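Chain nomenclature is as follows: A, B, C, D, E, F, G, H, I and J, assigned in order of appearance, with residue numbering initiated at 1 for each chain independently.
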Amino acid sequence: MTRAELTEKIVAHKMLKGFKWSDVAENVGQSKEWTTAAMMGQMSMSKEQAIAAGNAMGMNFGDEEIGLLMSVPYRGSLDQQVPTDALVYRFYELIQVYGTTIKALIEEEFGDGIMSAIDFSMDIDRKEDPNGDRVVITLNGKFLPYKMY
Amino acid sequence: MTRAELTEKIVAHKMLKGFKWSDVAENVGQSKEWTTAAMMGQMSMSKEQAIAAGNAMGMNFGDEEIGLLMSVPYRGSLDQQVPTDALVYRFYELIQVYGTTIKALIEEEFGDGIMSAIDFSMDIDRKEDPNGDRVVITLNGKFLPYKMY
Amino acid sequence: MTRAELTEKIVAHKMLKGFKWSDVAENVGQSKEWTTAAMMGQMSMSKEQAIAAGNAMGMNFGDEEIGLLMSVPYRGSLDQQVPTDALVYRFYELIQVYGTTIKALIEEEFGDGIMSAIDFSMDIDRKEDPNGDRVVITLNGKFLPYKMY
Amino acid sequence: MTRAELTEKIVAHKMLKGFKWSDVAENVGQSKEWTTAAMMGQMSMSKEQAIAAGNAMGMNFGDEEIGLLMSVPYRGSLDQQVPTDALVYRFYELIQVYGTTIKALIEEEFGDGIMSAIDFSMDIDRKEDPNGDRVVITLNGKFLPYKMY
Amino acid sequence: MTRAELTEKIVAHKMLKGFKWSDVAENVGQSKEWTTAAMMGQMSMSKEQAIAAGNAMGMNFGDEEIGLLMSVPYRGSLDQQVPTDALVYRFYELIQVYGTTIKALIEEEFGDGIMSAIDFSMDIDRKEDPNGDRVVITLNGKFLPYKMY
Amino acid sequence: MTRAELTEKIVAHKMLKGFKWSDVAENVGQSKEWTTAAMMGQMSMSKEQAIAAGNAMGMNFGDEEIGLLMSVPYRGSLDQQVPTDALVYRFYELIQVYGTTIKALIEEEFGDGIMSAIDFSMDIDRKEDPNGDRVVITLNGKFLPYKMY
Amino acid sequence: MTRAELTEKIVAHKMLKGFKWSDVAENVGQSKEWTTAAMMGQMSMSKEQAIAAGNAMGMNFGDEEIGLLMSVPYRGSLDQQVPTDALVYRFYELIQVYGTTIKALIEEEFGDGIMSAIDFSMDIDRKEDPNGDRVVITLNGKFLPYKMY
Amino acid sequence: MTRAELTEKIVAHKMLKGFKWSDVAENVGQSKEWTTAAMMGQMSMSKEQAIAAGNAMGMNFGDEEIGLLMSVPYRGSLDQQVPTDALVYRFYELIQVYGTTIKALIEEEFGDGIMSAIDFSMDIDRKEDPNGDRVVITLNGKFLPYKMY
Amino acid sequence: MTRAELTEKIVAHKMLKGFKWSDVAENVGQSKEWTTAAMMGQMSMSKEQAIAAGNAMGMNFGDEEIGLLMSVPYRGSLDQQVPTDALVYRFYELIQVYGTTIKALIEEEFGDGIMSAIDFSMDIDRKEDPNGDRVVITLNGKFLPYKMY
Amino acid sequence: MTRAELTEKIVAHKMLKGFKWSDVAENVGQSKEWTTAAMMGQMSMSKEQAIAAGNAMGMNFGDEEIGLLMSVPYRGSLDQQVPTDALVYRFYELIQVYGTTIKALIEEEFGDGIMSAIDFSMDIDRKEDPNGDRVVITLNGKFLPYKMY
């Protein structure tokens, strides 16, 4: 069994049983965003978290599966440089359109450096709106300045 | 003069004069994110906005330049499918790592559809933190459901 | 079983049995265009629609198959950036030839924005013509204006 | 002067003068879609059409420019395999999502063959709608059957 | 069984049995070029043609195989944008070297348009020559003029 | 002046003066196919041929231009791996569709080897047809067998 | 069994048994370079050669395997446009560095044309050297001049 | 002036004056292969070599040009991953066809390691042959073994 | 069993058993860097090393597995030109940012040449730091000068 | 003047004047590695550093040039995904060969996370060796652990 096969197994299981990622997350004791990423094979869990996730989903993970959930994945959840899925592509489009803007504004405010994608958290929320509810995604990463040396 | 040349001219001017994008934005009457994107050649301005931006930057735009700022750009601020700049790349990496997670959570919450990148706004903020200040970027887009027909 | 395998199974079944997509669509209660896209793994169905489709095709879907038909697909029905199939390529060619024309005319008529590919419907029809019948495809998408903010 | 430079000159002229493509088309005596494509360097005009277009735009074309408008272009209006512009990309997305659907439905209706992109016309229209006006694009191409030989 | 697997089966069968494509073609009642392309999964056959081909090759096709031979393939017999096989590459090289020449001469003779790759036939012949026999390939396609509209 | 600039100059001159490639070829004393390829920067001419071509086109070539026409070009007349021009693409499509067929038939007839693209000639002709005239292209290349050693 | 699987089987067999390619070649009666290429699936053998190779390797080839060794392969032994293996890459690097030099020197000496990769042989030898032995590879291909026609 | 512009200037000069690379090499005191590579911008010369080359070509290099000839180039003489020029492509094809063969034979003879492309020399010669003269290219590189550590 | 499958088997085994690469290395008698690379399928071992590695990991390798560990791999541990994994990507980014700097400084110090990636060793160490421990990677390769010839 | 043009100007100036990067660095008060990267357009300087660099190189920078040296660059010093220069490529090869090894060893030692390419320094040194001097490059980056949240 590879990590990709475990991801497929989890996704198929969810599809049939219909639990929510936020319920899994609550059992794991982390946010729904991080927990979903771990289920998708992009984050590594502790043994306790892996077992807790399995319990929440009604999946009784064996040793090999727990090992896979604990191991550090080779990250990259897409097999494409430019994503074809419409939902995922919109975020790629935002980088194409706003990439230089984001760079300009972060550097103006913080100086030369980057927003960390490692010391990082993300929230995905629904904001009700009479003209149609909105998706609100908050990216929160530590600013890391380039060092002179 | 092409739109790209005007962008270079504006950026060079900013570099030498040192004004802030937020001051330009205030004069234009829009957010600093939208205004910077417009200066970077990714949004189209009204005539009044173009003139106001020029005044705020101390640039006296001619007719051709105003025309360029008013015209709808061919969007795409990068010349690369995968960006090489470290700051911009981190956002590409977030899509590679979190792409399937974002898809899973939006679809669980809203059903099948996308977050619009058109009916969309963005805020870039600094959040002070004793362990190092953080960049907080809020993406706010209307949910658009796939329609059956 | 993956979604791709289910698509292959459905297509092979159609090939052997010879029913028409429009008959499936009628049973499902949606257009032939949307229904075919759903069969091809690009749209997600309700449980009732999945069962109705199965009945129309003489396929008795099991739980897993119904689950797959109900789940939101990772969209992208081709594995190629530039399609090699002659029929599909012609549409890619139209974008290469008419892309800037479509952009110019939509923006002249509606202002800066896009035609939605989500709030969207499509009709494919035959138009008889003594010089050879014609394919008439109507794309109908909501105009979404870029918002200033 | 290259054909691309002439396109830029025409587009810049339109931006400053503000005439409409449909007015140019009326003077030329063809549809606004074909005429815009010709202006964009994707179709070749007769001498009379080139002169008529120049008159409608208030541009007094010289011999070289008329020659360029009459010559057959190397087609392809984008410099990218996957377009980055949001409006143009939506049509690429439609091919990714609906490519196999369009193929299935045309072949079911007409048999093995293609919709011609040469013996072809296109209409771009606005359809008023209380929920937001819609872009309606009609693609009309002769069906060409594969020949056995 | 997929179409690609059937192609492999046919090719392996030919390799072991040693019949000639022209004999298959004669039984099918079409040219050796079209028949070989159909065997290679690039053309669709009638039921009678599929059975006749099987008989000529000494293969007793089952229902599923006949169905596959009758269905319209997703065309594209290579998995590469630039072919690595030496024989196939030479034709790609001819396009790279003579592409603009072919375009110039067809357009000079016929006006703006294309040579159809659908209403098309091909002959592959040997021409004896004391300096080494020659391959003579004749491409014969209907000229399709671009239409004004 | 580069070879590409000379090609552009020749093409622009032809566009304005309207001579035919076959007339140039007659003066040069070679076929219209080879001569056009040489004009397009894909073949190298002798000094006499270069001067003869210039005379036929009414261009009085200088020493540098003659030198360029005599030098061996870096071949490749397109800047794209997959051509976007509709006319040129059809030939790429023929390789995608018929590549394995051509390979199978040449190897069945001649054994393992290739059709030379160097010891090669090409004819482009019009064949009248009541259903629409046809383009007939004859490719004629020496068969080169792979050698054992 | 595919040709690629047979190659893997031969390579694994060699790894375990430890015979030398030159011994296989001697039994086959061809050079070690050609014989190894044939074993690697890049050249086609006669029936006698295939059987002789099997004997030399202690592999008793069945009919299907002999058929595969006799059939003409789809050439291209790498799955990459730019090879990642260090040994193979060095040859790619030589083309990048010396490509224009090789072109200049061959054309100066022979005129316009190419070195054949079909009427071609190669020798790979060791040359002893007190500073470290050297690999000496000799490429020997017939010069093929471009023909005027 | 960039290094690429100097290369173009040298090549144009050679084209007009007609000297031979081997004469330049003799004056420089190195092989014709190394000297041509240096002229093509792929090797760096000493001051004396640069001046000697200039004298041999009848070019009186200025200080900037000599500086360019002395500086270490960013190597890579092609702008393409897969070369389109027919002569250069044949060498790319040899890597595709013989890459795994070369790897197998060098490793069998020398053990795990590579042929150096740095401690390397190349000879390009003509070998007369009644069936057509042959190009003989000898690649000579030090074997470098992988080190355990 | 392929080499890639053996790598997966070793990695899965490590994940479940939890031994350390440095312990394997000690048993093998080489550095942890070289030994890990060998386990990952990028270096070839002697028979004794392969057996020692198996013992250290508690894996009793069979003949085929030992043969695979002894054979020279086709190098390249990633399937991507640009790596998507965050840890691996940072090293690609260093090449993008510092590539020209490394080139300039090595050439200034050593003259024209390269740092060998074959006569090469690497150390990966932890350096404690109150502001967060640091990864220290030392690359040590023989300088190889370009030779004139 | 663009940043790329300034880089070219600095490099050309160095080539003619022959100062050393380490002397520039000493004047700037930073390491030779960081200073060279800044000169190459990959790091941003303070005003004092830019002036000090100019003095050390004997270049009297104007306001615009100082502005360019102070501005944050769009990073990426190569125009290629895979570098063609032999020296730079060796580092790309190290990632291909050792990428998974580096990942395995850092994660074993530090847990899940990355080595920062921002809080990072590099030393390039010569180590004398009787078998040929060696290039020693030390990469020193803060370990950044993935955070659960």
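Quick notes on this structure:
Note that in this section a residue touches a chain if its C-beta (ideal position, glycine included) is under 8 Å from a C-beta of that chain, and two chains touch if they have at least 3 such contacts.
What you are looking at is a predicted structure, and each value in this text was computed from that prediction instead of being measured.
Of the two chain pairs considered here, B-C and G-H, the higher C-beta contact count falls to G-H. Centre to centre, using the average C-alpha position, chain C and chain G are separated by 47 Å.
Computed from the mean C-alpha positions, the centre of chain H lies at a distance of 32 Å from the centre of chain I. Residue positions of chain D touching 2 or more other chains, listed in rising order: 33, 74-76, 78, 81-88, 93, 96-97, 100, 103, 107, 113-114, 116-118, 120, 144.
Of all possible chain pairs, the ones that touch are A-B, A-C, A-D, A-I, A-J, B-C, B-D, B-I, B-J, C-D, C-E, C-F, D-E, D-F, E-F, E-G, E-H, F-G, F-H, G-H, G-I, G-J, H-I, H-J, I-J. Chain C meets chain A in the complex at residues 2, 63-64, 67-68, 70-71, 74-76, 78, 81, 117-118.
Contact residues of chain C toward chain F in the complex are 82, 84, 86, 89, 93, 96-97. For chain H in complex with chain G, the residues that touch the partner chain are 20-21, 32-33, 36-37, 40, 42, 75-78, 81-83, 85-88, 90-110, 113-117, 120, 122, 124, 126-127, 129, 131-144. Considering their complex, residues 8, 12, 15-16, 80, 82-88 of chain A touch chain C.
By the touch criterion given at the top, residues 30-31, 33-34, 43-44, 72, 74, 100, 103, 107, 112-114, 116, 118-121, 144-149 of chain E touch chain D in their complex.
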